[in-house]
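Heads up, the next two complexes both have chain A, just with different partners, chain B and then chain C.
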Partner chain A sequence: MNYDELTADHKDSLKELLNISMGRAACKLATMLSNEVTLTIPAVDMASPEELMKMFGDATQYYYTRQPFFGSMSGEVITQLTKKGGKTIAGNLLDLAEEDGIDTVDINCSILEVSNILSGASLRGLCEQIELDTRTQPPVMYSPEDHPIPSDKWSQAIILHVSFLVESASFETKTIICFAEDGFNVVVHALDEFI
Partner chain B sequence: MKAKLALSDLLNQLSIAVTIVRSDYIIVMANAYFTTRSGKTKEQLIGRSILDVFPEHARLVKRKIDTAFVIESACYSSWEQSPHTLPFKSSRQVSGEEEKMYQDLEFIPIHSQGGGLEHVCVCIYDMTTQACQQEELAALSAELRRDQIELKQTLSELKQAQSQLLQSEKMASVGQLSAGIAHEINNPLGFITSNIQTLDSYFRNISTVVTSLEKLIDDSNDAKLSADKKALMERSQLAYVMEDVSDLIAESLDGSKRVMDIVKNLKEFSHVDDSEWIESDLRKGIESTLRIVNNEVKYVATIETEFEDDVPNILCQPMQLNQVILNLLVNASQAIKENGVIKVSLKKTQDEQVQITVKDNGAGIPEENLSSIFEPFFTTKPVGDGTGLGLSVSYGIITAHNGTIEVDSELGVGTTFTITLPIKQTTNVAEKVEG
Partner chain C sequence: MSSISVTVCDDSKMSRKAVIRAIPPELQADLHEATNGKEAIQNFSEGKADVMFLDLTMPEMDGFEVLAELKRQAARNFVFVISADIQPASQQKVMELGAVKFLKKPLDAESLKVLLHEVGII
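Up next, the complex of A and B:
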């Protein structure tokens, strides 16, 4: 794969597209949680497996999910969600009160749902804009500590990442969209068309 | 029309349960697999709200359908979080033990020709086989973890038992050796003592004879004889010799008595004959141990004892208990630099137990070491000075007596070991004794 093809224009376009799609995703999440959701400016990077691993924070402080997507472009979305505020989010999302006893299953359920809302909405937003078709598979819980990103499977990937903050619950998530190597040319071609 | 029929036929052929639900939750289509597994007829499904048909998990189903509409993308429910979202019967009705189907659900929003979202397709995947396998694996894994913990514990106990066995065998050998030596010393010591006593008796006779002869010479009024006797006595220093021989014999007798005491203590301490369970007087055991250890302790500490009178004999292995007391006393003396006091007490408690305490005013044990002192090979002594087995062996011996050994220590103040032993032993020990 030749990454020189990803020009500054490509990166700027991706950021712009991502900003719109992530904005939509934040809006959907806000609707689902009935809480205000803010997001950071999206970033577009090239990353090696080691660099991607470095993007993950302290494993004791975060939940992680991973969710494959396939179609015209394929890859995986990895979502990092703070453990802090997880219970409040689960309560909001599942419509449970503290006294209902929110357990690990409830928290995992809501973590997976939040991940799916963000990745589903953002991928859909992105695809719509560059007229590509993609579908997600179900998200699953992930532990980068137990299953680190393999270092010999690929060398560089396009990484799109953005953080969402639910201030009222002190809950923060980071969505990292990683494109698989064979999806690169499709994205570049679609971006060229878009530009 | 044909295409519609073909699609409907295809949906009915699928081994996935599929239903299409309107945004008002009304079921508009359900395939054959869906009706079969749900146990509902098409009439019971079509045109009715999915929330009413399956009220048990209506909240979750509603949320998922709503979410799919809001995010305009598929949303999911996994069997790991919600194993039986819809009350479907297990597909393994003959061979499977489970009654309900484990399911993964997918809620896919469907765009109408006008581009709007009006329907959600709900796909129910049968995950029963995978779920059961995973649950079996999880159970197996938990069992393996339990076994591993048990194995580790057994290994640790085995190591401890091995070290205790080694130490016990070593002590038994030392005991046998000292008993053998004591026996060997005892024989010559017996005739040495007997000979000295005979010598003492003979010498007393000789002394009486010499005194009588002197008196006879003095009373004979023979001046020359008296003068010769006097000269002879002065030359031979007989008066001094007679007095000194008496002292030498007395000292030798005293010495042989002390050797006899040492031999007796050695025999009592080793108790080779008492390695089995017997009714024993703890006081005697402690006293004999104190005599053995006295040489090591006397330069750094004085020993105070406080033995209550009403302490009954207990069923025990006296030699083993002596070894415990010896270990505690040696440790206490090593914790003291000089002018220390080691207090040993023995009493009967209210609850049919006896209590032995060994208290010293030595350096004390740091708090972080207190939890480890009974572990095998734990030592703070310089390499070569301690094996780290003394207290672990002591712990093992006391445990074998169904007793407890506890430690209380404060740095710079001292340490107290408290041993509590039952007066009457449990059935197990009693059986061993009878056996």
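Up next, the complex of A and C:
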């Protein structure tokens, strides 16, 4: 099954369940950053691995992380975060001022922390609500240019577009859940039960 | 006992259905739906929102704007905010704008029933 074959009720419930999950993520981020986080209305889309590779933007503009998951279904969550604002976020999370010299290690550490919250919220939040058992491994930094999405491994991906606007910095994120084999059908079946 | 007009405002059909299912029968609600803030204000001006269950993050006009407009009109209806945006700052803001209570998604039917008892609506 692909996204176009989903009913309006499937799409609405998937979007709303992810919205609830991302609300939890925004709350965690707000606490960590000591700043209010404004969350935009999420947009949900789907793509094949080939379409996904075309969507990846300029590596100089984005950070990427990947995080494998397994359980009721397997795959991995890829998070794309705009580099704009990354330094400010790292400064906030690590309590560092610009003059302290925020380096790549600090920024990567912060990006992994943020992406862990986002992927946790999107995948674990969704699975919790539709009662699917899933476990995730820690995220690692990722370069789509160096390691293309394996099209023989992942068959479908849900793409969740959400912008988090923080008072001190604005950054945008995309959370992409890649499903192996019939993982997406497992989700659709669980959505049917839920609806 | 006469019915009370209730507007459930959320851009998600699933969420509106979840709220409608959670409304206790004792409320004898005359139910109306709105898919964005503008429709919710329209319902209010037509007398269809003595009680309003209001989402925050919506297209066209969001829940904060609805609360601000109701406050501007000195509305005396009961507005319950039901949202996924559970940040303390958001909860504080909706209370300052006149909401009776902030409820987090997914809505718990039993908590809603208790709350409606507490505020004397049922």
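Everything below uses one rule, namely that the second predicted complex is superposed on the first by the 175 of 195 C-alpha atoms of A that agree within 3 Å, B and C clash if a C-alpha of one lies under 4 Å from a C-alpha of the other, contacts with A are read in each partner's own complex, and residues count from 1 in each chain.
Rule of thumb we're sticking to: a residue touches a chain if its C-beta (ideal position, glycine included) is under 8 Å from a C-beta of that chain, and two chains touch if they have at least 3 such contacts.
Every value quoted in this text rests on a predicted model; they were computed, and no experiment measured them.
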- [ ] Sticking to the clash and touch definitions up top, decide whether chain B and chain C on chain A clash or fit.
- [x] fit
Open item on the list: Looking at A:Ile195 after the superposition, I want to know if it touches chain B, chain C, both of them or none. Which is it: first, second, both, neither?
Closed with: second
Open item on the list: Quick one: is A:Asn108 in contact with chain B, with chain C, with both, or with neither? Answer first, second, both or neither.
Closed with: first
Open item on the list: Is A:Ala30 touching anything from chain B or chain C once the two structures are fitted on A? First, second, both or neither.
Closed with: second
Open item on the list: Contact-wise, after the overlay, does A:Asn19 reach chain B, chain C, both or neither (first, second, both, neither)?
Closed with: second
TODO: Using the touch definition from the top, say if A:Arg124 reaches chain B (first), chain C (second), both or neither.
DONE: first
Open item on the list: Applying the document's definition of touch, where does A:Ile149 land relative to chain B and chain C: first, second, both, or neither?
Closed with: neither
Task: Superposed arrangement (fit on chain A Cα atoms) - minimum chain B/chain C Cα distance in Å - done: 12
Task: Common ground on chain A, meaning residues reached by chain C in one complex and by chain B in the other - done: none
- [ ] Show which residues of chain B lie in contact with chain A when the two form their complex.
- [x] 59, 63, 67, 70-76, 78, 80-82, 104, 106
Task: chain A to chain B touching residues, read off their complex - done: 25, 28, 31-32, 93-95, 105, 108-109, 112-113, 116-117, 120-121, 123-124, 135-136, 138-140
Task: chain C residues within the chain A interface of the complex - done: 11-15, 57-59, 83-90, 105-106
TODO: Would you tell me which residues of chain A are touching chain C in their complex?
DONE: 8-9, 12-13, 15-16, 19-24, 26-27, 30, 36-37, 39-41, 129, 195
